[in-house]
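Below are the structure tokens for one structure; questions will follow.
Read from first to last, the chains carry the letters A, B, C and D; within each, the first residue is number 1.
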Amino acid sequence: MVTTRDLEAHFEFECRACENGHCRKADVETILSERKGLKEFYEAFKEHIKECKRMTYGQYMFVIDREVLPEAVLWWHNHPEFKETHLSTAVGTDERPLNGKFVYMPFLNVQVEPQNMDENYWVFLKAYMPADDPSFPSVAAKLPAALWIEREVKDLLGFNPVGHPDPRRLILPEDWPEGVYPLRKDMDYRHSPMAEVKTEFKEKPEGTTLVPMGPVHMGIEEPAHFRLFVKGEEIVDVDYRGFYSHRGIEKTGEGRLTYNQVLFLAERICGICGYQHSVSYAMAVERLADVEIPDRARYIRTLMLELERIHNHLLWVGIAAHLVGYDTGFMHAWRIREPVMWLVERLTGNRKQYGMNIVGGVRRDILDYRKEEILKVVKQIREETKKFIDIALNTNTFIKRAEGVGILPYKIAKAYSVLGPTARASGRRIDTRLDQATKTAMAYNEVDFKVPVYKEGDVLARVLVRMDELFESLWIVEQLIDQMPGGDIMVPIGDLPEYEEALGFTEAHRGEVVHYVMTGEKNKVYRWKVRAPTYNNLPAVPEMLKGYHVADAPLIIASIDPCYSCTERVQFVDVETGKVKVLTEAEFNELSIKYRGVF
Amino acid sequence: MGRRLKSVWVYHVDAGSCNGCDIEVLDVLSPYYDLERLGVKVVPNPRHADALFITGPLTRQTRIALKKAYEAMPPKPRIVVAVGTCASSGGIFYNSYALYNTSPQRGRDRLRSGGPEMIVPIDMYIPGCPPSPEEILYGVAQLLGIKEKKMKGEYWIALPPKETPSKENEVEFRIPDRPIPLRYWLTLREELRRVIGYYDREAVLNDFIELVDRAFKESPENPREKLHDLVTGYFLKEKDSRVKVAMRFLENEFWRLYDEYHSLGEALRKKYPVTAGV
Amino acid sequence: METTAKLAFSFIGVLLTFLLPPYLDGIARRVKARLQYRRGPPLMQTWYDLNKLFSLPSVKPTKSALFTWAPYLALASAVIGALLLPYGNVVPIDIGFNLVVFFYVILMVSVFLMLAGLTVQNAFSHLGSAREMQIILTVEPLIAILYGVLAYNAGSLNISDIIANLHLTPSLVMTYVLLAYALYVESGFMPFDIAEAEQEVIGGPLSEYSGRLLGVFYYAIYIKRFALLWFFVSLLVLPWVGPINTTLKAAEVLAVQFLLTVALYPVIASLEATNARLRIDHVVKMNTRAFFAGIVILAIAFMGW
Amino acid sequence: MAESLSYTEKLKKWNRFEVEKFSKKAPVTTPYPFIDIEKPPEYRGIPHINPEKCIGCGACVNACPPDALILEWDKKRGVKRLTFNAARCIRCHRCVEVCPTGAMEPTNIFEIATDNKEDLVEVVEHKLAYCEECGEYLDFTERQIEYVKAILPKEIIDMYALEDRIGLTQEAKMRKTVEKLRETEGNAYPAFILVKKGGEE
């Protein structure tokens, strides 16, 4: 394989972003001294690091050779002192128009000390790859978290992860021709080529029957396809093929929309945690433009985030109860949740897609009468949720179905870098609101709240984590209301600097949401990478499913509160091998039937 | 009017939706909106279903499942309802590469087509992003024959200024006359967006303009004190603190603009006395 | 008792069997809705559903005759089961040992449901049928034992004789309790409706059916539930009401039976609403434990206590 | 004005329980399809183009993320159609925010389900300005010219003599400026206008 070493001779590295003196090239010493751990990393990989740069507050980039990539990622991921550091995701960019190279950039959420915003930071490991041979050594064999990340870059950009254990197609539809890579700059975002359907599956282990759960199945809200291999009632193995809601959001964001319109696209990535995406996108662009948004805007954003978290946890508890057949629980959970939806409809104008965000602040203000409405609803929610929890957690049939089911031990959670309540139920002490520097776009550093962590890791623990977080969110909303500062709610942003990169992140109710934005010319977004928490949680689901009953499958899958459209990479493959006969059993057998039934 | 359908069993297919609409479809079953009292029950499989709720812009991948679910339904009462903007017309993703699209136009010229109607004939569109439960109830009520359709397409002809309308869909141009000049109104309106947000600014600005009008009428010689007193009087009725902040801001901003434009006016007249006829 | 009164009562019995069950299910849905703070469907909703289903043609994914005949056979066995029961003091079909006949006929409904699920090539139908089989295999022996205790207590296998001379013994009280549990499991109410569970197996054996055949199956299931409840109610009421000789008293007893059935159904509905669905292995464990309890009761009964 | 409620009190008075007639006791369902209800005042319904105020400037078309608003040009007939399709509108009210004349009115209409999509389309047709000198239609409408004249203060219009030069095409404007320059050779013409307007002069 061609290594950059022998390319060195005629390979004169200059990156256009740096050459116009724009990037913050403080000299290496000051950057390394800013945070613990950077210096050791620099010493460990001294000869491979070409450049070291601070992108924005708390985000550091190392340009290193691609051979050393796996060791560098593992160096960070299994760092002895920083226990909770995990590989967040990786960005693949086609920078051929800029400097004729491809970029593969994994980045990690380094946790020096839990819940300390000024110590923890992000590390980006940028590896340049020549245009003709975009390959890099894969780390997936040793680090399961990178399994999907590398398959995605292979699908969408044509990179070739050398040594990847199972390089099947992950994201693109079945009838997408080989060799066409949508996220490359030479492909127009509207071009949608067709080819004949080709399905690749894991073979069925002998002695098991196949229960196709998906693409449209009762147990899961949206299209995802779990092929359960069962012996009798017990699940032996699972082949997951998701990514049905892949709508080409990133390419549309780069293609048609300006940076302010991308906000509304970001909100429509996921119907439930839309506002988290729009805030993290806005945070990324504000970091790029070096803009300090007014305090009131930060408070209003935090307020809306917490309201969204409240109604989502209630929604999830309802869904979990419904999947176990306990429909009264579903009905009451959603009845309690309705006042929050009305409140939010009055605050922002829409029940779900708030549209409150603009790059540089917020679009609507919280007048006094709206504050009173908020406090009324918060009090009502607190009482009714307490009553609901007492009743729900005492129905022993519900407990019997939730306890000791779908256990996820801490070790696997850390290996798959599982995020959010699912991770907190397995003992991981992570919560992006306090871990990373969210103070530029949100006001979590000015409110105090606890982060609930449980050890058992089963479905019941996940229920309890979410309920505790619900009460914490109620307390945060009350604090925000009476600390709300005055001042403007928006700061107009002029033009964005060209070819700057930054990362925006929030803690959605499912886990850490990360938006990487790189700007191009004329206020357009050059590269926009979205990674939702379900992207990290879903690969861990097969681990949880093994050994439990088919009847538990929907509940276990729902216990990580999967948001397939959030993952935007969630797509499915159909068992059907392409032949369509009218209404024969075989055809009907393949179509596993969608549910949505409540009674 | 008599209800034609008493019992409709509905089956919901998600064609790649962002699950905002799916949650609203579930919301309609929750106690406050309760679809079941209309006789509509959501069933777990297409075999039992009469109607099909589709949400989502029909991504390339869910096309296979949607087609099969549609064919698996019993042929006679196949009612198809598109719930949400994405299902009605492809929504914000309408021309992305990952969506199934048979129409030749790819760009902005494709205003109307998009979404699952490419492969499945749709009987009822319920646009909305996401449509609130009341909207879905309205759509289902139309299906069951309880409610009538209210929307109707419109075609207006905006006549150029100084022309009087002859046909009924022609409208003549009218700039609403406001006490303050148009450029003051535009500048204040734009700055209010930063102070109080685009929703409340219309009402606050209108109140302020009335006060300015009264100030100039009642004491043309000294409008500044008059306006100041009027605004404080306004605060007695309007208790909201944010609106008070906005009014004070408007007052200072108005006088700043007033001075600036006047000074600009003198400067220009001084510099270029000969203006006529150039 | 002249034949006309006999005819009248059995005619009422037939009427009840055919008209009441969907109405009872409507009541159950309304009660469940009210427990969930919602308005709930009109009481006739289940009838509307059945009418709609009967009017629709059904899609036949397989060519096997059993697929089309299973629903009608299930309906027939459910109706016969219902007609074996006493209405007032009249038992429409009064053959010798009709308790055993009743046991098997009610069992046939579940068997047909299971066979229908197996005729079709659908993973979920097979799964549903397998679950149905597991439930039946664990609950039917328990019911057989309880019927045995009843028969032993009353000394005959004919339902009308059993009702005539049951005498109160502690073992009988225990039988009543276990019988309530067993009949609840067999009629497939919520914690035990694992075979037709929507969330996991999308309607189990019924997932292939549509239109008229589906309607008939639902009708059969509702009639089976009604028959089991009516049987339990008549066991509770009739023995202790004393000999029924005049038609007036018989009519009165029939009214009490009817009222008790209609009253008990909301209790069942509230039980259904407040419970999550159990897993199949939970149900199997519970049934085996109940079975051993049944044997103990049988032993007590034999000792004559 | 005294006895009527202030702006925020009117908003606060709106109460969902009265409008949708939810009941506080057990069956809390709303009798909605059988009664008429309206959404809260802050609800973002579909925007309505008010043809009286609309000047066809297209600011909303640029701001609309899902392209629900588009401009269809018909240069032969000298007409520009602003078409709004409620089926694609995601109701973000960006158009309401950026409309310079307030023509894009936010309504809270929510009952827009229909069985045929043509009901959801709203079109406003504008007549384009016509440049006599070159004999072809311009990009902007006559209403835009009227609006610009209303905005610009009197002095500016007189000083740059914009009155007759606004409604011309780009070349016609340049030709007019060049003629004016030759005609008033020695006049104290500010240099910067020359460079900006004249281009090559």
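Rule of thumb we're sticking to: a contact is a pair of C-beta atoms (placed from the backbone, for glycine too) under 8 Å apart; a residue touches a chain by one contact, two chains touch by 3 or more.
Since the model is a prediction, treat every value here as computed from it, not as a measurement.
Student: Go through A-C and A-B and name the pair with more C-beta contacts between its chains.
Tutor: Comparing A-C with A-B, the pair joined by more C-beta contacts is A-B.
Student: Could you tell me the distance, in whole angstrom, between the mean C-alpha positions of chain A and chain C?
Tutor: Averaging C-alpha atoms per chain gives centres 50 Å apart.
Student: Centroid from C-alpha atoms only, then distance chain A to chain B, rounded to Å. What do you get?
Tutor: Result: the chain centres lie 30 Å from each other.
Student: Whole-Å distance, chain B centre to chain C centre, using C-alpha means?
Tutor: About 55 Å separates the centre of chain B from that of chain C.
Student: Using Cα averages as centroids, what's the distance between chain A and chain D in whole Å?
Tutor: That pair's centroid distance is 38 Å.
Student: Going by the contact rule already set, what residues in chain B reach two or more other chains?
Tutor: 30-32, 34, 36-37, 41, 43-45, 47, 91-92, 129, 132, 193, 198-200, 239-240, 243
Student: Could you pull out the residues of chain D that touch at least 2 other chains?
Tutor: In chain D, residues 8-9, 27-29, 39, 42, 65, 67, 90-91, 93, 97 touch at least two other chains, as defined above.
Student: Can you list the residues of chain A that touch 2 or more other chains?
Tutor: Each of 218, 256, 264-265, 268, 331-332, 335, 345, 349-350, 353, 363, 367-369, 583, 588, 593, 595, 597-599 in chain A touches at least two other chains.
Student: Can you tell me, using the touch rule above, whether these chains form a line, ring, star, complete graph or other shape?
Tutor: complete
Student: Note which residues of chain B are touching chain C in the complex, please.
Tutor: Per the touch definition, chain B meets chain C at residues 6-7, 9, 30-31, 34, 36-37, 39, 41, 43-45, 47-48, 50, 74-77.
Student: Which residues of chain A touch chain C in the complex?
Tutor: Listed in rising order, the residues of chain A that touch chain C are 209-212, 217-219, 233, 321-329, 331-332, 335, 395, 397-398, 400-401, 549-554, 583-586, 588-589, 592-593, 595, 597-599.
Student: Contact residues on chain A for chain D in the complex?
Tutor: Contacts found on chain A: 256-257, 260-261, 264-265, 268, 335, 342, 345-350, 353, 355, 363, 367-369, 372.
Student: In the complex, go through chain C and note every residue touching chain B.
Tutor: 29, 33, 36-42, 45, 48-49, 51-52, 56-59, 198-199, 202-203, 206-211, 214
Student: Which residues of chain D touch chain A in the complex?
Tutor: 8-9, 11-12, 16, 28, 39-40, 42-44, 63, 65, 67, 90-94, 97
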